[in-house]
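What follows is chain A paired twice: with chain B in the first complex and chain C in the second.
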Partner chain A sequence: MKRKLAATLLAATMVVAMFAGCGTTASKETATPDASTDATSVTETATTEEASSQDPNAYEECTLTFDWWGGDSRHEATIAAIEAFEKKYPGIKIEYNYGAWSDWETAKASEYLSGTNADIQQTNFDWIRKYDGDANTYLDLRTVSDTLDLSQYSDTVLALPVDSKGGLAGIPVSLTGRTFFWNKATYEKAGLSVPTTLKELMEAGPIFKEKLGDEYYPLVLTEYDRAIFMAFYLQAQTGEPIIDQNNNFTMTEEQLKLGLEFITSLEENHVIPTIEYYDGEGAEAIDKSVRWIEGKYAGCHNWDSAHKSLVSALPNGDDLVVGNALMDTGAHGSGTYVKVSQMFSISAKCEHPHEAALFLNYILNDEEGAGIMSTERGIPESKAAFAVCEAAGKIDPMVAAAHKSVMDSNPMYWNPLFDDSSLKGDTALYNNLFEGLSYGVRDGSYSIEDAAADLYAAYTAIAPAK
Partner chain B sequence: MSENAKTKTLKAAQISLRRKRIASLTIRYLVLVAVGIFMVYPLVWMVGATFKNNSEIFSSMNPIPVHPTFEGYKGAMVTYGGAINIWKAMLNTYTYLIPEVIFTVVSSVLTAYGFGRFKFKGRDIMFSLLMAMLFLPQVVLNVPQFLLYNKLGWIGSPLYLPLIVPTLFASETYFVFMLIQFLRNIPKELEEAAKIDGCNAMQTLIKIVVPMLMPAIASCALFKFMWASNDFMGPLLYVKSPAKYPATIFVRLSMDAESGFEWNKVLAISLISILPNIAVFFAAQNQFVEGISAGGVKG
Partner chain C sequence: MNKTQRFLRDNIGFFFVLPWLIGFLIFKAYPFVSSLYYSFTDYDLFKGISKYTFENYVNVFANKQERTALIITFKYAFMTVPLKLVSALFIAYILNFKIKGVNFFRTAYYIPSILGGSVAIAVLWRALFKDGGLIAMILGRIGIESPKFFTDNNWALFMVCLLRVWQFGSAMVIFLAALKGVPTELYESAAIDGAGKWRQFFKITVPLITPVIFYNLITQLVAAFQEFNGPFIITKGGPRGSTTLMSLLVYNNAFGGAYKMGKASAQAWVLFVILVIFTAISFWSQKHWVYYADEDGR
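For the complex of A and B:
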């Protein structure tokens, strides 16, 4: 018995000693290379900092991660640009990842939460507010302005993607704004020309009904379009953005009521279909609506970047004309919205900001890089890139016209709070409210007063009244 | 004379009976065919739509294309950035799908056997916890799981660790529940007999219980196969390089709402990527149906 106990004890000590021995050697082994790499990387960064202050083109060999969302042609163009960049700057390796927009943000949100976001990212305008609230997620791009040529962008463009500390959180690749798309052929069938004033549009409603029939409408507006169109109408009355730069809501409940009355009058005058009629078809978006394809909806109010999908849906693309000129909406002009359609940002945690900026400058402003990137992310805001694309004939005159009509309309400031998730989304307020109103004013279950009160409460909940 | 008349009436009765049977059969088949067409129509339409262009897809109910085009299939064969194409994506899917199915089945059977046949301290509370997991939606788990796998350094793992490893721990509670229900119908006497013959617990499981459980195991495997091959969120969160994308992500790569996209290509890719699933389903159809009903009928 005693002997057995002694043997067990001995064995136990041996095992413990063995494990302990293993432990120490292992930790020693891992500790040494760690320390040495740390030291080298510190000296390396030190030298690059010195170098970069002397020559912005000097760079250090490194690997950068980059991700974006989009469709086929954008993926192809971006991959080609990455390959050209790696050829031009041997030693810098770009590891990339891409996907479609649907659920992309969900994946990115979890990355921001865990701090595993890529060094360089294509970012959405409202991500600054969502994921960069403390201005620690995205690098202030002005710190790398010796490499990234910001002079290619106008000050109004650079004033948009500003974070809470005043830093430049992203660089806008392109801007997009709301504009009208008209189906010329349908208007001609009704004996009309495409409307240029609100009055003409209002008059077109009854004429469409009389000449073409009940299922023809001069314009179609979804719930979200109605929210935007209403804001657009109200801003023309007051001359102030509905939510201003200080995140304050500028309208009164009374004014919202006027706006909602305006939207309801469009419906009553057969200018736009009711939500019931629009939803009855079950189309996911206007460009997938058979009524749009057949020209029964003769107009829509959409982002200018949606041009391609709207045209390609029509059997004869030439029928589509773009116009932003509803000049008599109010005392303060036609004022539309402009927002950043997407940006590129560098992570604040990026270990090689200089090289990341070098890459961004290549794809945004460099003659070769911007030429490969082309207009896959909209009409480039960078002057150099625009010149390259224009010279190469990449800029579709129709798209350019759509974009120009927006930019020329003296667009008003657009606050991303307008798209807050409590307002915009399948089950959010805009959808519920405009659907409720469209049904409610006819059966008496929801009045314009109720809707104005609800809308006012929802707006002031996210943006305090001025 | 009378006998003759008898046979006549008998014959007449037989004929009328046969007629009735034929009539009832015809009606039954008509109903079945009508319902069948109703159910198969979307699939047939999808096959037809791969040969249509966008405006025809949105404006026509007719599954037969008027202006057939092969652009969809041409587009489906494109290799993105030299890294990923439809075949590679499908191969990627199966590299994590097969281990997932095997591990899920093994771990679920072990867990179900443990809960179903052994009494141990804290069994009831642990079983309640396990059942409570049934009501926990995956969406709630996404963020904490992501943080955990990130700490373990598994994000973007080329071995799909965040997708495969959890299946080792009977994470599909529903299967455990189903297997336990099934186990209740297996007489304990068989296991007792095995014990008398000298089997230990593990041998009993492998030699006696598993063969009896086979229909239920097969349906678990099939369910897991279907769920895992449809999983979009998992790969989206944890796969970080295009060369490792599975088919679910690949199908969506070209779907950009902003610039519009070719539906025929998306549908062609979808069709190609579901072919193995359809084949597996037809091959295992009988097992599948048997498993579901066997688990449910005698509770």
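For the complex of A and C:
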């Protein structure tokens, strides 16, 4: 018995020792920003709330945690902005963590679950629904609007990242939407100019086949691309978002059948390659495809922010042009939508929300901070940041053109349920269904009717029919 | 010696195993038991448990995707394990002869196993066999049209199996050790009696190494039912779900953005029970075919 007791005590001691020391500490001193980095400006005041109500620029000395995902250039810009912030606000220490997107969300999900998420985070739009269902994960940013300048954002933008209690769960850094990227050199080789209408695109398929050969396609669409393109097509027919603001699915099974027929007709007319052909190459993404690099895929339908990776994959970047949305897709225009590409959120558990807001305001709206952050997260939605980036010539005309083509296409509302885990994912419906349809229509094992029924059942399982 | 010293002396062994024990309890035993509990719930990592149900278990057999994944897992295991064992034994048998450069060949055949379930090897496999890849080019040069290895339903699973079969080195080394333990006088006697190499192999070698065959069978069976990296990296479960093993579904349900822990736990438990059944059958069957020389012969 004694042995058991001793063992239990030892085990408990070890566990306690392991966790001891976790957590952050912060002093009670407050300061004001000092460009000269002189720490002598630190003065004694009362609480954060009092400080912020008196002077939004006053702050407490504290340590904040911050994490984000992205590529190397984004990491470099963000770290530089953090260092500049720490210089400007001595006493606020930002402990940061960053990584690539791969498996990032899984790691963050476990942090949300254990309540160890960072004070400030780069977040995704659909995370509000996934991880902030009770509106207790992210801070309502309107509570720190005396520090975080929300007037830099349009009401339309601020109306998007709203939690279940109406709070502002995140501040959108940028918006993104799908647009067409065309390889004009390949089109010219086929004796065509890049398509501006759906009709021209459909006609390009047989011409490519005849003049350039079986390996050349006017457009390439992966399974998920097909889901989006079909949604655009249907939305253009009905004028309604496929899943509306009330989380209702707005289409009928018959309409889905029309959408699937449209996607199938693209394959049958040699406008897009079959899934078998696309997957056979084993490319991780379109910009990694040798066929894209060689110009055999002469177009893709991608996020406007993908411009950089798509153009850098081509031997001659000038060959890539951004196409406007095909406005003749349906009676209601192009059917496109935009969504928040990324946001910044503050944890509801953050002990220093005022200082966190101060930091966000610096990297999003401050002339110096926003200038350092540049366009690494897309074209900034903040008016101040946009002006800084534009004046510094940091807005790539091609990226701006891609973004403009999306924003000019009269985009519709986008519901995050469209990307529900039952629909989007390696073994989820979009992949299985569009792959199955691509194979099945040819070998007779899966019909458009079957696919429409499966798709309708899957959509209405997450969003009841209107 | 005071009380404390005596206590430490008497329990020193326990203190040495304590770190492992804590790790085992926290990271193995607790998840193992709790997953059984969760498997009878609709536990969602973020929404919690709203009901207790047998649905997860029923769905493994009733839901088309899950049932298919289960069947494919069986196919994968029954293709991979025999092919791997036969390849390993065959190569080990050859490398047991005194041939020139045998150590080089032993190393060369073992290397793929060192690379194990490595991601890099799976990526390499994909690069080799993709459309227009090295294998397709070689086949094209000799006038053979390359099959679509990863996009043809009939080929994809076989290619994923082949990756693991190729990594037979560890089983081969164990076979090699067993072959070296077969007394040479038995072969000499058999040769005097006129038995050829094949007869010697089937009548002497195989019976004497059956305990090792049995060991390799069990370990390879367990590994095959748990296979994940190959299909996850090479085919992502496609084409048309033809390489979606149960482990992929478990992962995607648990971590692939769905966080359906109840469902994933039930799938994992079904897989576990199947493994236990096969292992039990294997243990039961050994009295009919495994020869233990140190006991009564059987």
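Throughout what follows, the second predicted complex is superposed on the first by the 418 of 466 C-alpha atoms of A that agree within 3 Å, B and C clash if a C-alpha of one lies under 4 Å from a C-alpha of the other, contacts with A are read in each partner's own complex, and residues count from 1 in each chain.
To be clear about the criterion, contacts are C-beta pairs under 8 Å (C-beta built on N, C-alpha and C of every residue); 3 or more make two chains touch, one makes a residue touch a chain.
Only a predicted model underlies this, so the values are computations on that prediction, with no experimental measurement involved.
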First (chain B), second (chain C), both or neither touched by A:T106: both
First, second, both or neither for A:V290, with chain B first and chain C second: both
Touching partner for A:N431 - first (chain B), second (chain C), both, neither: second
Contact residues common to both interfaces of chain A (with chain B and with chain C): 106, 113, 290
Parts of chain C lying in touch with chain A, wherever the complex brings them together: 7, 11, 14-15, 18, 21-22, 45-47, 65, 126-127, 130-133, 148, 150-153, 232, 234, 236-241, 244, 248-249, 252, 255-259
Interface residues, chain A side, partner chain C - complex: 3, 6-7, 10-11, 14-15, 105-106, 109, 112-113, 130-131, 133, 275-277, 279-282, 290, 421-422, 424-428, 431-432, 435-436, 439-440
Residues on chain B engaged by chain A in the complex (per definition of touch): 54-55, 58-59, 75, 78, 80-81, 142-143, 146-147, 150, 155, 232-233, 236-237, 240-242, 249, 252-261
In the complex, chain A residues that touch chain B: 69-76, 79, 95-104, 106-107, 110, 113-114, 116, 283, 285, 287-290, 293-294, 305-306, 308-309, 312-315
